[in-house]
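Should a chain be cited, it is by its letter among A, B, C, D and E, assigned in written order, with residues numbered from 1 in that chain.
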Amino acid sequence: MEFEPTIVAFLCNWCSYTGADLAGTSRMKYASNIRVIRVMCSGRVEPTFVLKAFREGADGVLICGCHPGDCHYHEGNYKCLRRYHLLQNYIEQMGMDKRRLHLDWISASEGKQFAELVDKMTQTIKELGPCQVKHSVETLT
Amino acid sequence: MSDNEKPKLKLAVYWGAACGGCCVSVLDVHEKLFNVVAAADLVFWPIALDIKYKDVEAMPDGHIDVTLFNGAIRNSENEHMAHLLRKKTKVLVAYGSCAHMGGIPGLANFTTKEELFRRVYDESESTVNPDKIRPQTSFTVPEGVLHIPEFYNDVRALDQVVDVDYYLPGCPPQTERLVDVFMAIVTGAELPPKGSVVGAYDKSQCDECERKKTDNKKIKAFKRPWEIQDDGETCFLEQGVICMGPATRGGCGVRCIKGNAPCRGCYGPPADVTDPGAKMMSAIATMIDSDDEDEIVEIVNQVADPAGTFYRFSLPGSILRRKIVQTV
Amino acid sequence: MEEIRIGVYVCWCGTNIAKMVDVEAVAKAMREIPGVIVAKDYKYMCSDPGQELIIQDIKEHNLNRVVVSACSPRIHELTFRKALENAGLNPYMFEMANIREHDSWVHTDRAEATQKAKALVAGAINRVRWHESLDKRSVEINPATLIIGGGIAGISAALEIADAGKQVYLVEKQSQLGGTVAKLDLLFPHLDSAQQLIQPKINRAMNHLSIQCFLNAEIREVFGYIGNFEAKVYQKDDLETEIQFGNVIVATGLKPFDPSKIDQLNYKRLPNVITSLELEEKLLSGNLVMDNGKDPKHIALIHCIGSRNKNHHEYCSRTCCNTALKYSNQIRSAFPDAAIYEIYSDIRSFGKGCEELYTHTARQDVMFLMYDQKGEVPKITEARHSEKVNMMLEFREQLSGEHVEVPADLVVLMVAMEAHENAKEIAHAVGVSMCGNSFYIEKHPKLDPVATTTGGVYVVGSCQSPKDIPDSVSQARAAAARIMADINFGSVEVEVTTAVVNEDICCGCQTCISVCPYTAIHFDAEKNVSVVNEILCKGCGTCGSACPTGAIRSRHFTDKQILSQIEGLMSMQLQH
Amino acid sequence: MLSNDNTAIFLCPPVNGDSQQIDLKDIEGFAKDKLKVSHVWDCASIPVLNADQVSKKIQSFNITKIILAGQKPGFYKTVFTRAMKLVGEDPANVMLAGFSEYGAVHQSQTDLAKAIVACAYFDVPFEQAIPKQAHPARPETLVIGGGIAGIQAALEIANGNQKVYLLERTGTIGGHMAMFDKTFPTLDCAACILTPKMVEVGQHPLIEMLTYSELTEVTGIPGDYRVKINKRARRVNLSTCIGCGTCAEKCPQKALSEFDAETGMRKAIYIPFPQAVPNKYLIDAENCTYVKNGKCGVCVKVCPVEGCIDLDEKDQEIEINVGNIVVTTGFQTFDARKIERYGYGKFDNVVTSLEFERLVNAAGPTGGNITLQQKDKKGNRVFLENGEVPKSVGIIHCIGSRDENHHKYCSKVCCMYSLKLAHLVKEKLPKAEVYEYYIDMRAFGKGYEEFYNRIADEGIHIVRGRTAKVSQENGQLMLRSENIETLELLEQKVDMVVLAVGLEPREDAKILATKLGISTDPDGWFKEFNYAGDPVGTFTGGITIAGVCQGPKDIPDTVAQASAAASSVLQNIMKGHVQMGLGKIKGDDIEFEAEKLSMKKEVQL
Amino acid sequence: MSYRVDFTLKHDLKKFGIHDWNECFHCGNCTAICPMTKTGSLFPRKDIRLLQMGLKDKLATNLDPWLCYYCGECTETCPRDANPGELMMSLRRYLTSVYDWTGLSKKFYTSHFWEFGFIFFFFCAVIASFLIWLPLSGNTAELINDQGGVMINNLVAGISGASFVNIIEIGDWTMAILVAGLLISNILHMFYRVVIRDKEVKVPVYAYITEFWSLIWQFMTQSKFSKCEGKTYWVGHLLLMTGYSIMFAVIVVLLPEFQIEEVRPWYNWQRLMGYYATFGILFFLVYVTISRIRKSDWKSKFSHPTDWLFIVMLGLTTITGILVHIFRIGGMVSATYYMYVIHLAVLVPMILVEVPFSKWSHLAYRPFAIYFDRLKEYSRKSQNENKLVRAA
């Protein structure tokens, strides 16, 4: 059976979640590997959530926020951007491929972009194969 | 000692994968040791008393009142003793950073048993081992079969092996805190709920730290401590130096900071924080003073070793626990 | 802790969900999760019978948490929260799983979609366990309003609110009301009288029963929050008045750019180089002559002085083009035979009736010459004695591509608008932010151009960015509308899902303070902890993520809730 | 008491190409007979209107106060202030009595003009001389038009705890803004910021949306208007429709989508756009096979909700009572077909800016791909199947604006939206060349100039010089224009041309104005009460205007005006009464009031 | 080098036309829509600019107005109703006065007194000169020839036949030389102002020869006209131009062959040429008159008084010429002779005023302007090439 990754996505309420809704109302089709968690702002997404998702078995984590300058709360997305880069360095150091964590900007009108992003990310993760965090933790000796 | 006096507590101290500093911290009790000894009998303390494992095994379950278990679980002996002491002890305390979160030995989780062995038994400059002989867990000699503890691939914190009642953090724990805790137990004060951290404060380092703190936490460049002109007064973070203080419990007496070195986090996270490294990463990254992606990357890359920096004492206890090694 | 009793409802949405998701299987799987008391599927959860079903179950099974898995929470979260309220439950004991927009509508494999739906609902169930009761909060509004600045914007806002019978405190720094408009003669584009516009308004404001005017006065600090502010008004002769008010309108207006910063213009060195406001003075007094008392024969107007140039102000000052066109008409009226030169870079006559003014002006025998405002301004020098004029302007004319000399007796510099000099202090006092160029930042440049990120504080007129009179008046009244609406309502609702600081844990590192875009967090030095002003907080949660100690909790988006949701989501994944 | 002998009234001829409707002779008679001013002179009678001539006249008659009366007398003022100064009189005593300032432009308003002169004569502000006749105000408000202005006004009033009816002619609120992709200068997406507001309107307990409805008649008085509204048959029940979309999926009949500026198709049963509010379907009777032929009814069969679709539903007239009305009817774009030389309608890839907005919109017919078009067999424009994108795009400013042959006025937003569109092209097609052809770059608002500079730095060719014509050569479009800054003739070949069409009043603005009793200016925009002092009021009591229907403006200004209009409404409600509008008041009454007020002043003195 | 802007030029120029071109806001539409314009010679906007700014020298060295054939598209599409087409027309009048070193042209354009005075003077002079000799009595029958036509050359008593023709011929030649002299000197003046004084222009000598063909070609075909829209106008103008040239040839060069006593059959070349010329001129005159009255196209919307004067004069000349012909063939002696004198009395002032000083001069200026323009372009090109060579 082909490897079907699980991707946990954190979407901000104002742009990205709405964009994902738009993909739905427009009946765009995309890979079903994604599991969405709604937060008010991408600025709320903290490393703990991302690491937790990996620990629980996620193969990839996607964070989406408003485009730079568009944040409903002015600059939460910039905060997210800063954390994202540090976190990427960390997970890479922890033996994971950077690409397993991805940040992108999706506006409320970008349903199509969201669908494409999910497909692309799914593809990338498929190529990377399963994430070993959960396995590794479960088999600690 | 009269009969109507309270029976003395039975105290054990054990040393897992540790540097010995924790045991020294117990010794550091100095003259207060008399108070301790007055209230307690030391029934097991390998570095100080010649009491054999079998003596412990012989004890009835729950015989020991309090065990201070320091050190991480690195090998089968550590694990065996953890289980044994758990069985024999009423209150098992994870004593020190290693038992608490994995500590410095936990940094070995960045690598594997195989890599370590290769380095130690094959590659190190002082090793002559043409046959590439590796330690065996059992080895037959004319005298019989020798058993050597098995070296594990991963380092674990104590509570990842056995049930722990309390945690007393620190590398090493502040001796005064130990005395406080001990005396509390001795005097029969009401014990905190199981799983609590004792011997440390609820609030983190900054509460005690006397350096001046403002809301101006904006980092344009990360600095190592020697790269700044420290006036001894300004918050390290405001000078661009990563200080784990805000994500680390108080209780050590801000000793590092008083010594003009930033906190490195040995006292572990405050309550409710699952992963102090992640929290600190989040806080530190937020402080980066740039909205330009390229510049952000540039600044972030100045943190050369994020995992080592933010998880110096807590890697095995963190969410990811260890570096992933592709097994497939 | 109370026992967790969760009700789970899976919506079919007709065939919209049911076609792609096996809703029955989802409901069945959910029943296995600890804490789930009932799990049902129903055709239309949002319909009245659907909601009734939830209410009945809450009562019957003593549910204290509800999960509905249906469409996007953006559509029906409020609907279901209301249903919970009707059943006597706190509306926040609810979570929605979006299995339509995020699942059935976007996937094509029924098994996968069903699996995903299970995961999403399980996540919601895990999350809702940690939900807490949150109460709606509102603050009462003091019906009085403070208006800082007595120009056209401030007066318009004051009259608007006062005419509705509400108290207004109007604080003006100068000794009289009227601001810039009181210094003008005529108004573009119809050349109506500025004095006839402003003077009656000043009179009315001064004599209005509901307006208390403070002249020669200033505000140094404002305390409180939306609905309940207080401040002291300081007047010249050490007079201090304490006032209480519910809202603040900042209308501090503008100040003209000082052209002596540009050497080429020789302003102040050549007596017949004047600024636009100095020309207004001449026009008002009828004293439209050169320094020697003679009539000017050649008059040049130079646009964009201090505007649209990165060395000074990058922005366009918006009104100067139309004002210059107005001047041309006025000068033409005064001197039917004079040579008038408009030296411009783009004619921005964009308002209603303004292009028409431009066309009309062009017919008034005005010579339009274009220069590059990004480069150097025309160089003004004294003319040689042999010349019949005072001065000579030199620059490259863009429309012809020639380097030209323009003779001039009088040069009018159309100076830029700058933010008022004490804009910064006032920003600090009332808690509004400023852009790089000292103009105040509005809450949202498009949808909320007069509010600021501080509740109850509004910015109107040219202190927000250069503006003409109709736009200033519109803004002033827009702010008045907002305030009257709040007064009328009597209270304002504030965000429920705010951040809150656990003072037992907060160590006073102050990381959170600069993170907050709404300056809702301040530091309590006495307790050595940060404190969230829950009235100002909008609940974005950024501070919660930035807090290294975990002392800040983002209500309804707590670490526990989200981490637990992750666990739930992942508990239903297929094994690989 | 005023000295009639020292006051002179000068009658000023019209300027600015305005036609004179008010008879100055009539005014002269009025001033002489009624106001007893002996010196009433016609400016036209002074051979050379210069300060010397005027001052001589002033001096010889001992004039100390001058009133300039006329359509826009300000254009004549400066010579009089100078003259006053020359003779040593106070220049502040030159007063203006501008007829058009208060809307006296037609002959029928001569009485009003007289009143304006009288006010200047008595030195009483005109606004204060309007007799205060007020009617009790009903608390309900009608907002006509559900664009951003209407939404803002409705929310503003409803948040003040007052009932609002929001009337919208199409099936959804949102207006033009909903069609845009991004908004200048911050480039935030229109949907992101608009849809939350729309949802807020939809969920507001005090706002009753009357979508797909039109105003038919207004009667009553300020404060108590009776408004008849035609609720057009939607044929889908608003309360039971669940928005599932099955009907549209199965509907066999296609039609051009209005929301996509007719660049894409929709079904005869449709939802205007995915985020529509109300998010319910409706049937377009003009295209519905059942309505036309009585056959079909597929939608009824597939609809999962019993009785939700009623294909035989009829229009319904309802009547509501309101105290105030806010008019926010917006605009339509200039029909680019009117200027043949730009080839709109002739060449496939000449599109209007509104169409282009849909092309770049991720939710548009091409999903945000800027796709070239061609004509299909039926002559309809369709997108190229291979999705070919333009390698170069030309954007021409001022289409229909600033043009004596079309609209003389500037449409205010085109420069900025053109820059924005150029940026979007560059963002989506980084390799494409973009050319902007403009006359004057009107980047006037907050952050606009900065935006302009940014766009210029993005490598977009911004050419001063409007393109004169578009022709087709070898399948490409050729733009011929003069680069004024470099003095070159440009013959630029591009793949796509965007015409930055101006804004114009809606076709039926005049009809609506008549129904409401408000006036329009010569360009057809609704006329405000006073240009500077009251830009949202009208001459009719209880009726305010806001947004583009008053004159072209951008979103921030529209929103500010909408709130300002709401402010008038809230004030009226809070006061409990609505002032009678100027339209119903006689000039004589104003005169009388002015005289009375001036007497009071004398007494006070 | 900087130019001084000048308000007065605009006011001066108003007398050459009726419009105020200040309304132009320089959108560039006129230049871009013009079928004749090209980089290097951009008009009419540039010319409006020069006028608005009063850059007299620049304007005087400018050839653009001659390159415009006034199709009116610029005016029609001008967003500001600034009427650039009419500006070019007015500039042609202005330039005519600039080229004319005598200063008369300016006087004619700007003063009715001078123009009508001159015309009236020549008119009277011709009449007067004939009044001395005109046979007011005598046997008119003798003045009929074999074909029944009037013997035209016996108009003056005492001088008849060949000698009369010779006198007229001498008059013709004198006039032709005078007019040609004036024209040529004006063209030289034009050449001096346009080519020589323009320091940026350096024309290689051979270019004068190689580019000369354009002068001839343009003169013959007026081909540039056809680039503008409206072929009728081009055809009409071509008819007029050829008709006029033929008339000129037969009157000046071939007068002894033309003004003969014998009435030749209608198909004779001499009569056919006359008819062609008459038709050509008349056709265009009628066309132009109708359009100027109807104001049907842009170029005829605004008529300067001199436009009408030219039409009237040319019309009168043509009509009197036709009448002379009819009367002559009809054998009406007195009528023929009076008409002949009137014909001359109209013709002479028309030639003397219109050809060197007024509208008719464009006949010469336009082809030369095209010629000079080509020279200038040549010079520009070769200079650019030089620059390139140097750069390389």
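To be clear about the criterion, a contact is a pair of C-beta atoms (placed from the backbone, for glycine too) under 8 Å apart; a residue touches a chain by one contact, two chains touch by 3 or more.
Note that the coordinates shown come from a computational prediction; the quantities given were computed from them, not determined experimentally.
K.L.:
Which chain's mean C-alpha position is the greatest distance from chain A's?
P.N.:
Between chain A and the rest, the longest centre separation is with E.
K.L.:
Of all the other chains, whose mean CA position lies farthest from chain B?
P.N.:
Following the centroid criterion, the farthest chain would be E.
K.L.:
Distance between chain B and chain C based on Cα centroids, please, to the nearest Å.
P.N.:
Centres of chain B and chain C (C-alpha means) sit 51 Å apart.
K.L.:
Using mean C-alpha positions as chain centres, tell me how far chain A is from chain E in Å, no decimals.
P.N.:
Their C-alpha centroids are separated by 81 Å.
K.L.:
Indicate the whole-number Å distance between the mean C-alpha point of chain A and the mean C-alpha point of chain B.
P.N.:
Once rounded, the distance between the two centres reads 33 Å.
K.L.:
Quick one: which residues in chain A touch 2 or more of the other chains?
P.N.:
18, 25, 27, 46, 48, 52, 72, 75, 79, 83, 130
K.L.:
Multi-chain contacts only, two chains or more: what residues does chain B have there?
P.N.:
In chain B, residues 274, 279, 282, 286 touch at least two other chains, as defined above.
K.L.:
At least two partner chains per residue is the criterion; list those residues in chain D.
P.N.:
186, 188, 245, 402, 404, 440, 464, 484, 487
K.L.:
Dump the list of chain pairs that touch, please.
P.N.:
A-B, A-C, A-D, B-C, C-D, C-E, D-E
K.L.:
Show me the residue ranges of chain A that touch chain B in the complex, using the header's touch definition.
P.N.:
By the definition above, chain A touches chain B via 46-48, 51-52, 54-55, 68, 75, 78-79, 81-83, 85-87, 89-91, 93-96, 129-133, 135-137, 140-141.
K.L.:
In the complex formed with chain D, which residues of chain C make contact?
P.N.:
That would be residues 13-16, 44, 46-47, 74-75, 78, 160, 163-166, 185-187, 189-193, 195-197, 199-201, 204, 283-288, 307-308, 310, 314-316, 318, 329-331, 333-336, 346-357, 359-360, 398-399, 401, 439, 444-450, 464-465, 469-471, 473-482, 484-486, 488-490 of chain C.
K.L.:
Would you tell me which residues of chain C are touching chain B in their complex?
P.N.:
Checking each residue of chain C against chain B gives 504-511, 513-515, 523, 528, 542, 545-551, 559, 563.
K.L.:
Which of the residues in chain D end up touching chain A in this complex?
P.N.:
Going through chain D, the ones touching chain A are 181, 186-192, 195-196, 245, 274-275, 361-363, 367-368.
K.L.:
In the complex, go through chain D and note every residue touching chain E.
P.N.:
Its residues touching chain E are 341, 398, 402-405, 439-440, 464-469, 480-484, 487-490.
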